[in-house]
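Across the two complexes that follow, chain A remains constant while its partner is chain B and subsequently chain C.
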Partner chain A sequence: MMVLPDFQLVRPSSLSEALSALAENPGAMPVAGGTDLLVSMKHGLFSPTHLVDLKGAPELHHLGVGEEGATIGACVRLSRIKDHPLIRTRYRALSQAAEAVASPPLQNRGTLGGNVCLDTRCYYYNQSDFWRRSLGGCLKKDGPICRAAPAAKRCFANFSSDTVPALIALGARVRLVGGPNGVKSERTLPLEEFFVEDGIKRNVLLPGELVADLHLPPAENLLSGYRKYRQRASIDYPLVSVAVAFQVREGRIREARVAVGAMASSPVLALETMEVLEGALPAPELLASAAELVTKRTKPVGNQAGSPGHRRLMARVMCRRLLKELLEAGPL
Partner chain B sequence: MNVVRFSLNGDPVEVGVRAGETLLQALRERFGLTGTKQGCDLGDCGACTVLLDGEPVLSCLVLAADAEGHSVVTIEGLSHGEELHPVQKAFLDEGAVQCGYCTPGMVLTATALLDANPDPTDVEIRRAISGNLCRCTGYTKIVCAVRRAAEASGAQGRDGES
Partner chain C sequence: MSREFQWIGKPTVRYDGVARVTGQAQYTDDLRLPGMLVGKILRSPHAHARIRSIDTSKAEALPGVKAVATGQDAPVAYGILPVSEDEYALAVGKVRFVGDEVAAVAAVDEATALRALSLIVVDYEVLPAIFDPYEAMVREDVKIHEETRVANIERKASLSFGDVEAGFGEADYIREDSFFKGAATHAPIEPHSSLAHFQDGKLTLWTATQVPHYLHRYLSKVLELPQDRVRVIKPALGGGFGGKGEPLPLEFAASILARKSGRPVKITYTREEVFLTHRGRHPMHMKFKTGVKKDGRITALHFESLLDGGSYGSYGVVTLYYSGQLLTGPYVIPAYSFDAVRVHTNKPPCGAQRGHGGVQPRYGFEVHLDRIATDLGIDPLEIRLKNAMESGTRTVNELRITSCGFRECLERSARKVSWEERRGKLPKGRGLGIAGGFYICGAGLPIYFNPLHHSNARIEADRSGRVTVFCGASDIGQGSDTMLALVAAETIGVSPESVKVVSADTDTTPVDLGSYSSRVTFMAGNACHAAALEVRNRLLAAVAEEHGVSVEDLEIRGQAVEVPTSPPKILSFAEAVMLAEVRGGPVCGSGGYTPPILAGKYRGAGVGPSPAYSFGAHVAEVEVDTETGEVRVLRLVAAHDLGRALNPPAAEGQVEGAAVMGLGETLYERNEFVKTGQHESPSLLEYKVPTALDVPDIEPILVESLDPEGPFGAKECGEGSLHPSIPAIVNAIYDAVGIWLHEAPISPEAVLKALAAKKAGSREQGAGSRT
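After this line comes the complex of A and B, so read on.
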């Protein structure tokens, strides 16, 4: 049996109570669905003094889709996003990504905020305490070196969220609330700026700060999709993932955005692919050349199943198939 | 200790649990409901599936304290006395059981699927049970059993109408 370490459970009934509980207890961690955090705690990767359960804060459960875009609270469950009829039609990439997270019972518990804040993953990190101690730990937990790239001075743990590449392709902005010392501040930034290319730090969240919600711009004429490559199609984390969103106006591709997941410690915007697509006429040769550039900014290391070269190849394959599918299908 | 009150297989219950106690531990050790299996205990295998407010969840990753105010159904709560639930009966008739360890989770997941979608396609069945791993690799008969249960309740529904 994998036993959870001791902690105190705090169950606030509002967002401000939750922020106060986090500020008062520096050793506390927030929890929502718990589908990632509780596994890591069983592995001895985190030993918080308190878990602050965010599910009781009604402010974090809002889900609204309208002409001005969509707003999705951090505690909205992935199954609700997957099944929402307007998200399915207007923000298809997000619905597909939510459906690709783990397995259906985990989608019934896991939340969007949790998936956005998902820990990075590595063969040498996501193991039991017993397993890790036989090697001597790694940079991310209790050790002197990176086990995946021993000569490197940094952690390369893999960015593994499914929803984030989709959200970034769709142009999402993230709203953060709270902060250290119980400061009730608020800031909003483009989701790609939330992440940092460092497997340990992962994102710009300050101690005591929380993701409150995600906002998506209007989805008029938007085509989008998400593709994921993984070992077992039913339950695994991505080895490669690609999200694409664009409009077709007067026969040309406009406002193309392409995001790649699981190929670095943060999501990567495929700027070269976006540039090739922008303003182009949809044609088979274009798809191939656009997809060829999708891995330009990625440098996967050997910390997942499949060699880095194989994962880069599959990123190009996923991108080409996704572009082809979107252009053939047209608007819903 | 946190005192938690919830509905368990239709009955109101009240129990003291540790903060770090999972619903799986509480069900097996405090209530003796060992039909809910512990497999990987890490959210991969689906052996510990229970229905929380009618939806399948993995009880190894749900804190017992999170059951507060909710309804939990385990495999023990499906049958009416000696009379098996239609999904249980279909698994039996179809021989959709090998070692049996995944069966409680499979049956509960299938029950939730048929409650929401009484006439699923094979793809929908396979997708619904994709989080429940069978290491005897007997998925074919499991899918047949779910289809059989759907057909049986469909027939029952039609008889009821006539």
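After this line comes the complex of A and C, so read on.
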């Protein structure tokens, strides 16, 4: 067995209580489902003084889908998202992504907020304390160099969340609350701006700040989907994933958004692919050229199973297949 | 046995089934004793280093720490094979892989034990490490074990049978191929766990082991305690597959700590430690050269293997010999030779894993055979049928083949998938592949030389009407307790539910050598059958005497004895027991089993002979995604000749499990190390055991060849069925997309690379020549 390090569990019953608890204890960390954090704590990657359990805050459990879009609280479980009939029909990419996370038991426990705030991953990092020490650690934890790319000055750990590429393709905005400016402070930003291409920093969250919820724009005429490439058909994190969303108006592709996951320390918007798609007539040649460009902005390093070259190739295959499937299926 | 079976051949509920599925079974880690301490092991962070000194004083001073142990507490070498006793309970002088055991502590709780580990100061002199077996063969400047004479070669074996030169001379076609089969590990669901307790100078060790008897001997040796002061008990166990098949460091460490602290000590490995303990499949580099006649009949075979043994001996010398000795079936090979080498490298030790020794060569040979068939334009099924061995024969290396249902395995598995109509004719991307295999039913010789029975059983029928089997056999989840109950029940005539089994406790059960080499049903089954016959005979003699009838006219059915007096009488089984008890005291029977003398006269002949062999043939149907390189197994038909299916659902479970394990080794599982020697994926998240979604319905076919010496005709079914699954899948990939894969495990990248090479028309690996 591996033991959890000692910590104090705080169980607030509202969002403001949670924010206060975080503000009062600089060594505290928020926990939702714990499916990512507790594993990492057993590996000795984090040793918070307090864990602030967010699940008791009713504000974070809201899930609403309407004409004006959808709002999903940070503590909504992935299985609830996956099974929600309106998310299934209107925001298919998100439902598919939630279904692709880990395995059903983990979807029952893991939350959307936890998935958005997921730590980045790397072969040299997601290991036991013994393992990492025997190697001398790495930039992200206790060491002088990056083991995956020793010449580099930064960490390339992978951001492997399944739902995030889908949320970004769907145009999600994230609402953050609390932080050093007080428990009342609040800001909302496009989800892609939440992330930072740096395996250590990961995102713009400030100390004590929380993800409160995510908002999706209305889903009119929206086609979307998510594809994940992994070794086994369940449990595994993505080696690469692609999410696509667009509308078809008067026979043309409009407002195309394509996001690539698990290829960098943050999700990547495939701007070149989006540009080719925008306003185009859906034709097979177009799909191929659009898919070719999907890896233009990604340069993964060898810190996951599968070589970087293979993962990039798979991104292109997943993208082409997904585009083809969406265009063939047409609007629901 | 001429009468119809009451229970055999029908589904019997597992002896421990309800307890297991309701969570009531007590595994070692579930056990708690008053005052129990938690033990933890300090491991080497270096792949290869000399230990200059160990300072444990700070750890000892930590409140809550009750004992600290190092190699000096028990500097007695051991190893499962007497020819390679090269391990210590805890390192003495040197460490040889990242994770090698250096010291151990017992403390009041886990956190304290872990803190204590961090306070132990070890001064290492780091040495250069070797990870590549070819390098290990030649590096004289780096010696992983000082004792090896040439570089890091632990052992070589070369044997030759028949006239190999003439065999190749006679061939119309000769082909040579090389293969590499990478490492795999057992990944049992239950991590290793041991609980040691010293009382009145006597050690009791509850432990997750497949081999209580061998462990008993080695505990006595290493702890320098007389054997009668050591007791080994195996509680419910959650999967072994060979990974719990030898004495392991935690078993000694827990015992040493319990002795030092005077309190019970439990050590349960973390998942990472299970991976580091390993003893799994050897990575094997292999070369095959086979000569055949035009019609595909084999005339000669030469084989070479290089085994990457990792840091210690473990079962390696046996693996080495098996790699060569088990290629002389299931096809008739008139002339054969092999050269095998096992080297040490600075990785966790490799040892025995399900299908031990034969799995890697089987993969290579069956693919090699398909290549020969393809070269000659012969159907893969046909070339196998043409060369298939038969019952009542001897192989060129003198293995005695009693029963053999190989031909039936081939025919039935092929028929099940409509081989003739479909092979080679499926749409591109889909394909069928076939492969054969065979395996031992226990080794002909024990691991240490002794003339005693390999299996023993004692059975007592008591006046409550209950029958109790006492047997050392270790049920590791494969169901040997159920087998014992069933064999005893059928032999005596009572129902299996009324039979109690006491097993795997060295104080109370007679010796069985353990659960390895697929020996338990055959050997313990035979011992149990013999003991049960004694009980039955005593009972029937007493009833016959009491009622003045002849023994031949009596029959025990269920819980009753039918007495053909007029009018006929029905005695309860308990009444019959009482009649026997009145006449001669407790109604006991005992039996043992020793295999006949089977080994040939040559040196090395001890590895390979078995009282019987199982046979198998698998057909895989696969789909290859030529854009991603992913291979999906759509069907796996697994025919297995197990002599007789004593309990068909249990046998099917074994066949399915073995086939799934083979599938995992073929497509998913990689047991590799980063370049500084750390295990690449020591978790069940990153070590890719296939999930339920990655595995098709396995379609088992049980072929019953009725072995003349097996209990009720039974042979093994736990391991043999792993052998054909790997090459069947690889051969199916060829049928699907026209590529041969000479390395396993097969990654999607490797498939894409081979497809690209094929498209570019590059020269293929391996070559054949007409003579």
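Note that in this section the second predicted complex is superposed on the first by the 329 of 332 C-alpha atoms of A that agree within 3 Å, B and C clash if a C-alpha of one lies under 4 Å from a C-alpha of the other, contacts with A are read in each partner's own complex, and residues count from 1 in each chain.
The rule is short, and it goes like this: a residue touches a chain if its C-beta (ideal position, glycine included) is under 8 Å from a C-beta of that chain, and two chains touch if they have at least 3 such contacts.
Given the structure is predicted, the values throughout are model-derived calculations rather than measurements.
J.: Quick check for you: in the superposed arrangement, does A:S234 touch first (chain B), second (chain C), both or neither?
T.: Both chain B and chain C are touched by A:S234.
J.: Touching A:T35, do we find chain B (first), chain C (second), both, or neither?
T.: The first partner, chain B, only.
J.: Which holds for A:M314: it touches chain B only (first), chain C only (second), both, or neither?
T.: The second partner, chain C, only.
J.: Tell me which partner A:L135 touches in the superposition: chain B (first), chain C (second), both or neither.
T.: In the superposition, A:L135 contacts chain C only.
J.: Just chain B (first), just chain C (second), both, or neither: which does A:A152 touch?
T.: Neither: A:A152 stays clear of chain B and chain C.
J.: In the overlay, answer first, second, both or neither for which of chain B and chain C A:L9 touches.
T.: First partner only, chain B.
J.: Please indicate which partner A:L271 is in contact with in the superposed arrangement: first for chain B, second for chain C, both, or neither.
T.: After superposing on A, A:L271 lies clear of both chain B and chain C.
J.: Which holds for A:G306: it touches chain B only (first), chain C only (second), both, or neither?
T.: second
J.: Give one of first, second, both or neither to describe whether A:S79 is in contact with chain B, with chain C, with both, or with none.
T.: Once the two structures are laid over each other on A, A:S79 reaches chain B alone.
J.: Taking the stated contact definition, name every residue in chain A that is touched by chain B in one complex and by chain C in the other, in rising order.
T.: 1-3, 5-6, 103, 233-235
J.: Going by the contact rule at the top, pick out the chain C residues touching chain A in the complex.
T.: 29, 43-46, 98, 110-111, 114, 268, 270-272, 627-628, 668, 674, 676, 678-682, 685-686, 688, 690-694, 747-749, 752
J.: Which residues of chain A touch chain B in the complex?
T.: 1-9, 11, 34-35, 38-39, 42-43, 51, 53, 55, 79, 102-106, 108-109, 233-235
J.: Under the touch definition given earlier, write down the residues of chain A that touch chain C in their complex.
T.: Per the touch definition, chain A meets chain C at residues 1-3, 5-6, 103, 123-124, 126-128, 130-131, 133-135, 229, 231-236, 305-307, 310, 313-314, 317.
J.: For chain B, which residues count as touching chain A in their complex?
T.: Interface residues on chain B, with respect to chain A: 2, 18-22, 25, 38, 41-44, 46, 49, 52, 55-58, 60-63, 65-66, 109, 127-128, 130-133.
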